[in-house]
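Both of the next two complexes hold subunit A, though its partner changes from subunit B to subunit C.
The block that comes next holds the complex of A and B.
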């Protein structure tokens, strides 16, 4: 008996049938919600709550006592006024822009060069390619600490090499000059970001059909023309991904700067992310720290929106083709 | 929150500190354990986090109301944590935190007239000098600013600098500058005054004249001691925790002197360092047992034993004098501690803001981004504009 018999018995009564249909619909709806519940709960707990909380905090006078009592009086736009009128906001914003653009250009150019290089066949290709991933695999605090030693003005290995090889006559003040420090952290960040750029661009290159290159060769195109007319256009969607992810990864960089220069000397290498950290965890002005963090989030959002628009353009282009 | 049923009357205690590596970790753990045993309690868990993470960890525990029964706080942070209301005043628990204690450290543990923390040991910074290099250059141990400037210049060669100190922007830059600022009569609320400008000019001139490395802006005091230990600096400003590691090195012979004062006859005012034990709000039974542990760690015999282990200065004046007689290298630090000032004495919980502004000024003067006078004017304006904590 069991299943068949039970169903037969249920179906004899029309009321029961309606009930069971309603129950089925209801359970179907529940099942649907159950499927999306994990994602919704995850988004609410780990994204919506922190963002809303950060937004609220930026309008509050939030101190260490607030952490214990949970009480933090609202103070309107005072936190934003404080950070915009602190006298260094312009400098910090410029540093963030220079750091982000400088790092992204360096990482992209070198990463693309290496990706093109490794897409050729030669012995030990795989081995060397995996060695280049190393900066990505090391904990950032470890590699940044080593860079801090290497960049030391008097005893650092970098200056020793530069001076002994005659490339420079004086020792470069990598971490001790207010004009050079930002360049130093950009160089370190480029070194760390190269593997990411290389891996994504390399996989993009692998997807380009080889017969296109063969056809170009038959037509007599040289290396540069081949790159410009075949590689670059077909790589563009991947380039878009690299650029947007690169922007998001770079604008928020904090660990490298904190370890290598601490944002100094003075405020020479302080970015929005470092400034936000310092406000919250060095001077315990959580409201102002949250406000500066929100500025960074807004800038990233603008960039993400531009990217989405650009993307829509490329997709519709592909559709009509 | 209900407390777990005490097993056979024994209260279990927890602790949090930043002694994350030996030898300090085992010294502190064993002192806590023996004092807990004497109080009829057991240490159920002892957490140790690295220095930089203690602050954020305490803040997390405060907001989650999950502080341990015994909490170590670096002394400039005690007032800020006490201000949250998470700590119990020691006198409420029958602890006597005042008798015979150096006044500087007592002030650091006091918030709104109540004492919240006791330190078994304190420290400060002094001048370490390389005896061999001073003898070779015919330089006497400097006692005044003029002496120090002349000595640093004379001791600078292509192989080593005359002086090393920290001018970083993570707390230690301000810490090394304070003896100059305070001994010259400067203070936190008047950073733009001539006394402060003179002190900053004095410090930044070491770098300008080449007697100190430009890298001081990126050196922590750990890096500073590495330079001194490697013979790359003839003198350094640093604390007593370097005595034991330096003693292990065969090739360096060093002496310790108080930090030079602006002119002969002036009093040295050095900053007070050291960690305080506080009692967060837990259960009455745990608080009572924790109070017994704090009292026990600070009785004369235990302070002497503890400081013999960690090579720092006991906070009980009589115990300090006794330790100084049995171990002369610590004498310079003991004499400094008697006149030392805590970093929160003038400005309380505003200290982190002051230190950050001050370090920005120090770095600006040393790198030449601004003159000492204009750098300190900016710092004074920042302090004046800071919201009351």
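The block that comes next holds the complex of A and C.
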């Protein structure tokens, strides 16, 4: 049978039209998927696969030799038992909580203050507002290195200023004291995170209709009352996003701590992320490093779920497009 | 009128003072990099004796690292453009049943701790011989920009009037042709912004450089600085000069894409 004849037969048979339409729709769908396929493959290889692998490894006795032999026997919850009973897990978890909450509060309060300040109209506002973003754009290694030098106990400029101005009598051991080191990395992280908080809160403030403020002015409300009764309630959804994203981003911070204190002295500023790095890349206990990474993921997941719930509106808008 | 104008200039002065305090660390870095042989103890408040000797030293020791960073960051950016642009187009324009799921997945990737990815990649790279390779670092660094870029470019493309695309359709242009001939030129700003950010993210990476290289053969500038800091040092001038060099892409981005940076920060957050 010739090609032509076959096609003719197919076309005349009942249901053929439906069939070819279905095929057309299928090839249409394939064509559409070709645009997304590279992204999906990439995301699977560089995000989904590492998470799965990390999950598996946390139940394996994975050592340096496993790297070359490929053999890593499963050992149940051994890795988790090890990290939980290592004696420093409580300390590391507490450090992570303090680091995250401390950074968040500092970044948010200062970021909000700046956002409110820059909501006023004054010359050069836009220019100054964009230059303030510079710390957010600098490589974390750069800003962390500069801070490490500024916080140096003997030669750091911060101690020079504090002592010369009489604010402190002795030089503060920013990086060498087990009680101060965590505070130091929190301070550095606050500095780095302020622009992010400021920009998002500023854009939230811009969305508040100005006639509300004018109405409040006519009613004789002062600045603070206006803030509490108009700005804050209307800003709340944006605040929610900033807080949740802030938690997720801050809990996983690693570069800053590695550069400024290296997690030390001893384990004074070690967090879950730094701990996972140390276990995997310093002591080469990949199983335990993976287990600690998993604890971090589980914590982030809780906040991610909250965030996605809050953002549901965004998705339904996508559906109707 | 006069009075309110005067008052607003006073606000500008306050704003500049805030800026000065806030950017002091950046000033301190530049200041120290311009003083010759500054030991930690003898850094003056201003570079009275302007000297570029720190930069000479930095260039000498970091020339190779800068080149490595340029290669890696450019490669990662190309990977980002090729992967994110078509995906952003599809997610903004096609009615796919899984759009919602995909966008949710992209948001979730932003929350995965880098150390978890590095941990898994290190072991995979060891077995497929991608450790200490440009390709390995480029692909890993692209992960810092791709999810962000898809979201950013998608929001740009969603703003293209449907009529333009329908006109192309009527003229017989297929999807790929529509993307290349119409969508890409129209959303040029978004694509360029995403590329600049992706370059910056890759350029700034420390964690992948630290974990996915085991020799100094391929060492980005960020890792170079990190190695510097590891050594207890007294002379910070060359380190600060290197830090200034490593900051240049950020400054260029701030100058080039000033308008878009704020939109870059808020993407994936409020949007």
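The definition used in the following text is that the second predicted complex is superposed on the first by the 265 of 321 C-alpha atoms of A that agree within 3 Å, B and C clash if a C-alpha of one lies under 4 Å from a C-alpha of the other, contacts with A are read in each partner's own complex, and residues count from 1 in each chain.
Following the convention adopted for this analysis, a residue touches a chain if its C-beta (ideal position, glycine included) is under 8 Å from a C-beta of that chain, and two chains touch if they have at least 3 such contacts.
Since this is a predicted model, take the numbers as computed values, not measurements.
J.: Record, for the superposition on subunit A, whether partners subunit B and subunit C clash or fit.
T.: They clash: once the shared chain is superposed, the two partners overlap in space.
J.: Who does A:261 touch here: subunit B (first), subunit C (second), both, or neither?
T.: It touches subunit B, and subunit C stays clear.
J.: Does subunit B (first) or subunit C (second) touch A:105, or do both, or does neither?
T.: Neither partner.
J.: Is A:82 touching the first partner subunit B, the second partner subunit C, both, or neither of them?
T.: It touches subunit B, and subunit C stays clear.
J.: So in the superposed three-chain picture, is A:215 touching just subunit B, just subunit C, both, or none of them (first/second/both/neither)?
T.: After superposing on A, A:215 lies clear of both subunit B and subunit C.
J.: Tell me which partner A:57 touches in the superposition: subunit B (first), subunit C (second), both or neither.
T.: second
J.: Taking the superposition on A as described, I'd like to know which of subunit B and subunit C A:284 touches: first, second, both or neither.
T.: Only subunit B is touched by A:284; subunit C is not.
J.: Which partner does A:148 reach: the first (subunit B), the second (subunit C), both, or neither?
T.: Both partners, subunit B and subunit C.
J.: State whether subunit B or subunit C is in contact with more residues of subunit A in the superposed arrangement.
T.: On the superposition, C touches more of the residues of subunit A.
J.: With the two complexes superposed on chain A, say which partner A:178 touches: subunit B (first), subunit C (second), both, or neither.
T.: So A:178 only meets subunit B here.
J.: Considering only the touch criterion stated at the top, classify A:67 as touching first (subunit B), second (subunit C), both, or neither.
T.: both
J.: Following superposition on the C-alpha atoms of chain A, which segment of subunit B from the set 200-208, 218-226 or 362-370 overlaps subunit C?
T.: 218-226
J.: Which subunit A residues are contacted by subunit C in one complex and by subunit B in the other?
T.: Overlap of subunit B and subunit C footprints on subunit A: residues 67-68, 70, 148, 152, 154-155, 281.
J.: Quick check: in the complex, which residue numbers of subunit C touch subunit A?
T.: 8-9, 11-12, 14-16, 18-19, 22-23, 25-26, 28-29, 32, 39-41, 43, 82-84, 86-87, 89-92, 94-96, 99-100, 102-124, 126-127, 139-140, 142-143, 146-147, 150, 158, 175, 179, 200, 203-204, 206-207, 210-211, 222, 225-226, 228-229, 234, 236, 239-240, 243, 246-247, 250-251, 253-254, 258, 261-262, 265-266, 269-271
J.: Along subunit A, where are the residues that touch subunit B in the complex?
T.: 61, 63-65, 67-70, 82, 86-87, 148, 152-155, 173, 175-178, 261-268, 278, 281-285
J.: Hey, which residues of subunit B end up touching subunit A in the complex?
T.: Spelled out, the residues of subunit B in touch with subunit A are 55-56, 59, 62-63, 65, 80-81, 83-86, 168-170, 213-215, 217-218, 232, 349, 352-353, 356, 359-360, 363-364, 366-367, 369-370, 378, 382, 385-387, 389.
J.: Can you list the subunit A residues touching subunit C in their complex?
T.: Going by the criterion above, the answer is residues 31-36, 38-40, 42-43, 46-47, 49-51, 53-54, 57, 62, 67-68, 70, 114, 117-118, 120-125, 128, 130-143, 145-150, 152, 154-157, 191, 194-196, 199-200, 202-204, 238, 241-242, 245, 248-249, 251-252, 254-255, 258-259, 273, 276-277, 280-281, 286, 289-290, 293-294, 296-297, 300-301, 303-304, 307-308, 311, 314-315, 318-319, 321.
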